[in-house]
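Data block below; observations after.
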């Protein structure tokens, strides 16, 4: 979770960080405190709601008698597949994130570094953007048909592939922005020093865009984690993901807020842990790769 | 020797090609057909009978539907207000937070984790939960106002306020997105440049305006670009919060599209509407880019 | 002997699963023979647990397997459409909201039940729910008259007038019989923000359309003149409809909370459950949650009567049921298996068990059974009473589009963006347009003076 | 160490020819400086030698081996970049040992080489630092160290000193030169600074607009510029140039300049009526009070050992180098002369050298 673990940052005493140059001071601290409070406020509300009975939520009761029944219902309820849903989501989100990082980063690098004809680069980037603009609801029908024809309906592969596709535009654009800020001489130095192009990319270029990789990775993970319509359409109950499961609490006549809150909390924890592990993996893998 | 070397040259060239290939392959495999289908639908009327689909080519009919649709103008107006307001606030707050957090002496990782919590909650839960927070009788906002002896506010039931209540939720939900991207960009800033500027006697404000912002520009552009597109596509939260009401006060293009395409099952007109939405986004982005260009001295 | 062994065996299994003791002693409800496993598409609804239990009993008794694909309410239609539009359906039985079924009937996506088994008949005790399971393909309209049975009701919902027995009694008010009674009662009871007299949905879309139509029917107004006879002249801008709309606006504004224009089903239930509302117009299915102490502060305090009469003297209520149908693109053995389950499900015993577990039965005889005497089923008389006059609305192919129009225009009238006359005139014009586009014989009344 | 042979090399970006017919032979151990204004193609040529830029035509050989098709890593060259291009995520030791590790040298050997190089360059105390914790001069040194540690066949320098301040630049100039004298490694050095070129090169290559204007030892180039461009580019202050038309007279050819002055030309085969450019360096302007040209002092720049005087001669500006003992003040009238033998004559239309003498 801590980027100061990246080799990019320095012992604090040695230099100023980008932002101590601008931020800092009591105004910054106050703003930060306000922001954290604003973010955490509703989240704290969700947390307390997860320990409340529905009626206590309804009537905005405070203080309230806490109960673990919502968690019990979500985790161990006879009708609950929630643990399975979380596992599904973890698999789909981490696999699609890993894939989209590989595919997207390579594509972004290729577009930024190699001289492609304009129709290729502009065409590809433009297409990704236009695709990103399309309301997903209009895409689902054809996807459903295609995956059913391929026998991939109700498999994780179908879901992972679509999530990679959905997240690819943002990954490519974001990574391109980071590659753009890298001076090409550093890679050239690596080539002269004895790297093959792919080696230079992995040992020198990638470690320098770790912040970008982490941001793209977190975003891809979260978007996959929260993606609802495709996950709903391409899977059935056994492979349902967290958002589909949580949407089940929004019933026709009532929203089961207490269980929804508990489910939201339960699903947040593994996601945060996995993101932290993923970051560490990226940082470690790339910095070690550069040194060894 | 000779053969070996030409082989490596080929390898070099192949790296260039295969580095883009997976992305292209994925896009060809998974987007061409749905998008082509979208275009085909937009010029057709699709009816279901005898357990099958009947397509008729009716481009003018769909266009006529679009022109006659009385909800569209209100939806377009609300969408524009929503996008501009929400994205502007999110960009400013996201940038400010990114810079402040990057400057924090310690606990950056923790703060970042906290900051991204809102985007980790599924939109369906966000919509439902904020609806409770906004509840007129029991919601936390009105309870707080009551505790301060202030009159309650009709957050979602007032035509003049509902859209702004929706904007607040969107800001809460999406500032983390902007923050995350810009935080990474700030972290990747070359420190020596900043130091040089400081040595040159730049004030903090000058440092921000003249050094950091230009350096952050690529990341800002990407954050703005994707945030804008996502804002145009906002759906779940608003659907759960207001369903576009009261009246047409929070009607957005995507909500209307959902009703047409999904509730009414008008696939042809619905597809045309989504193409119109895409065209609107593209136009908005182009105009926005031009405006930024003109504004810059 | 074998039969005996099976009962014992079943008993153990049932006991092991912790089902109610009542189920153990029961003999099989109906014999449907060995059937291949089927998959049912079902939404996540408050009555799902009851359905799941009954399915469990079916599996116990018949040894046939049923897989339930429970999807969020917001995803059922999508899943159902996907299932029937290509290849072989992953579902063998689909439960759909009544409003959605039209699209599936009209598109020919469901197998008429008699085509699967010519001998299939619904028992006469099964309530008709306004013929919502029938489809007349020529008229594109739901009616048993010339229509085929495409689906039948798994759960029939109607709106009931819920009222706080204790509060009304204390105020010396009798349960309202007319909407004017409701207005009068709420004039006495309304004490915002502590207590609202009467709450109903004002939310744009399905919410206001559905709740208002009960009042509309009570004022003898209609959307189209006579769909049964093929006359789709739009009558929504009749003086009666305006009276109904004015009355409804009056009710919500005078008796409800200030956010009446955005109240949805959840809000209405919340206001009743927290004891903030003295009366409310809510679906039957919500009753169980008012009796759950985890969800309600008014356990045992809410009573129900049928929705009141209008000034015209008529009662009005709109049926909102869930229908189960068999996709045309399911395989034949699966279709038969699905129909077998249906046959089993409509037996008295199954429906009795369904009711006991919290479902709303679809057989009239269950409503007059021992259950009706239990306090937790005290809604049954009002429900059965409502069945006498409750109607299906918007039961034609254009229903979904008409709902969009009404849902917006009614809401605009409610929040004051338009006068009620203008809202209805506008709606009439738009609905006429919809009917004309689909080739109906249509027209409209002269516009109301605005 | 190796010789470099460049034969008829050309370069095209898309359809634009940016360089053609480049021929250059660098002897083993030689220090060659490519010099020219920015955009003249010197960096492109260097990058072509390194393998970072494909060659459109011709051939480059290093140590007798054709390298056109070789990857940079196969050419056994080391390069120092203008921006140093240090790996920001690696510390100094890792930066220096990067190429050795890629070549899978034994760890002990790597350590030994790095230590030795670090000692040579005074980098010992910095080995554990990241590049961003280093000053500009230190970074430059690390970049040098990273190149040296490998003992490559060929060193390539791409304006390595231009990011340093003036004082450090002069010091590093000397240091690089000293290093070369010790290592005797073949080096190709690109700069836009003619002083650097003059002071460092064994031979310098003056480039202009994608062509080589002249190759030669610094003093030869200074004394015998092959083209007007070279004459103007090399030398500081810049050479004085007068253009005009040749007039023949009994005393020999002279130039009637565009400003109406008359300048005696060296004896050569110039024909009357041709347009010429006559160039003469400041040190060849004689201020003796008796010369044929009337002038007025406009600016005096004492540099210490010598003084530059800018004269207004008939409306043109001429720079003269004079002894510090001469005391002149702006406004003083003087007379001056240019020795005909010191005048370089170029064709005014294409800048080609015409005079052969002196």
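As written, the chain order gives the labels A, B, C and D, with residue 1 at the start of each chain.
The rule is simple: a contact is a pair of C-beta atoms (placed from the backbone, for glycine too) under 8 Å apart; a residue touches a chain by one contact, two chains touch by 3 or more.
From a predicted model like this one, the values you see are computed outputs, not experimental measurements.
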Among all chain pairs, the one with the most C-beta contacts: A-B
Per Cα centroids, the chain farthest from subunit D: C
Centrality ranking, top chain (CA atoms only): B
Intercentroid distance (Cα basis), subunit C paired with subunit B, Å: 37
Between subunit B and subunit D, centroid-to-centroid distance (C-alpha), Å: 54
Averaged-CA centre spacing for the pair subunit B and subunit A, given as whole angstrom: 15
Inter-centroid spacing, subunit D versus subunit C (mean Cα positions, whole Å): 90
Residue numbers of subunit C (touch at least two other chains): 72, 74, 78, 81, 85, 266, 270, 274
Multi-partner residues of subunit B (each touching 2 or more other chains): 8, 12, 124, 135, 138, 191, 262
For subunit D, residues contacting two or more additional chains: 71, 132
Interfacial residue positions of subunit C with respect to subunit A in the complex: 39, 43-46, 48-49, 52, 67-75, 78-79, 81-82, 85-87, 90, 97, 265-266, 269-270, 273-274, 283, 285-286, 289, 293-297
Complex interface listing, subunit D residues touching subunit A: 47, 50-52, 71-73, 77-79, 81-83, 85-90, 94, 98-99, 101-103, 130, 132-133, 146, 150, 156
Of all residues in subunit A, those that touch subunit D in their complex: 6-8, 10, 14-15, 183, 185-186, 188-196, 199, 204, 207-208, 287, 290-292
Subunit B contact footprint on subunit A (complex, rising order): 1-4, 6, 8-10, 12, 15-24, 28-29, 31-32, 35-36, 38-40, 42-43, 45-46, 49, 57-60, 102-104, 106-107, 109-111, 114, 116, 120, 124, 127-135, 137-139, 141-143, 146, 161-162, 164-165, 168-170, 172-174, 176-178, 180-181, 196-198, 208-209, 211-212, 214-215, 218-219, 222, 225-226, 228, 242-243, 246-247, 249-250, 255, 257, 260-261, 263-264, 267-268, 271-272, 276
Subunit B partner contacts - residues on subunit C that touch it in the complex: 72, 74, 77-78, 81, 84-85, 103, 106-109, 193, 202-205, 257-264, 266-267, 270-271, 274, 276, 328-329, 400-401, 403-404, 408, 411-412, 414-415, 417, 430
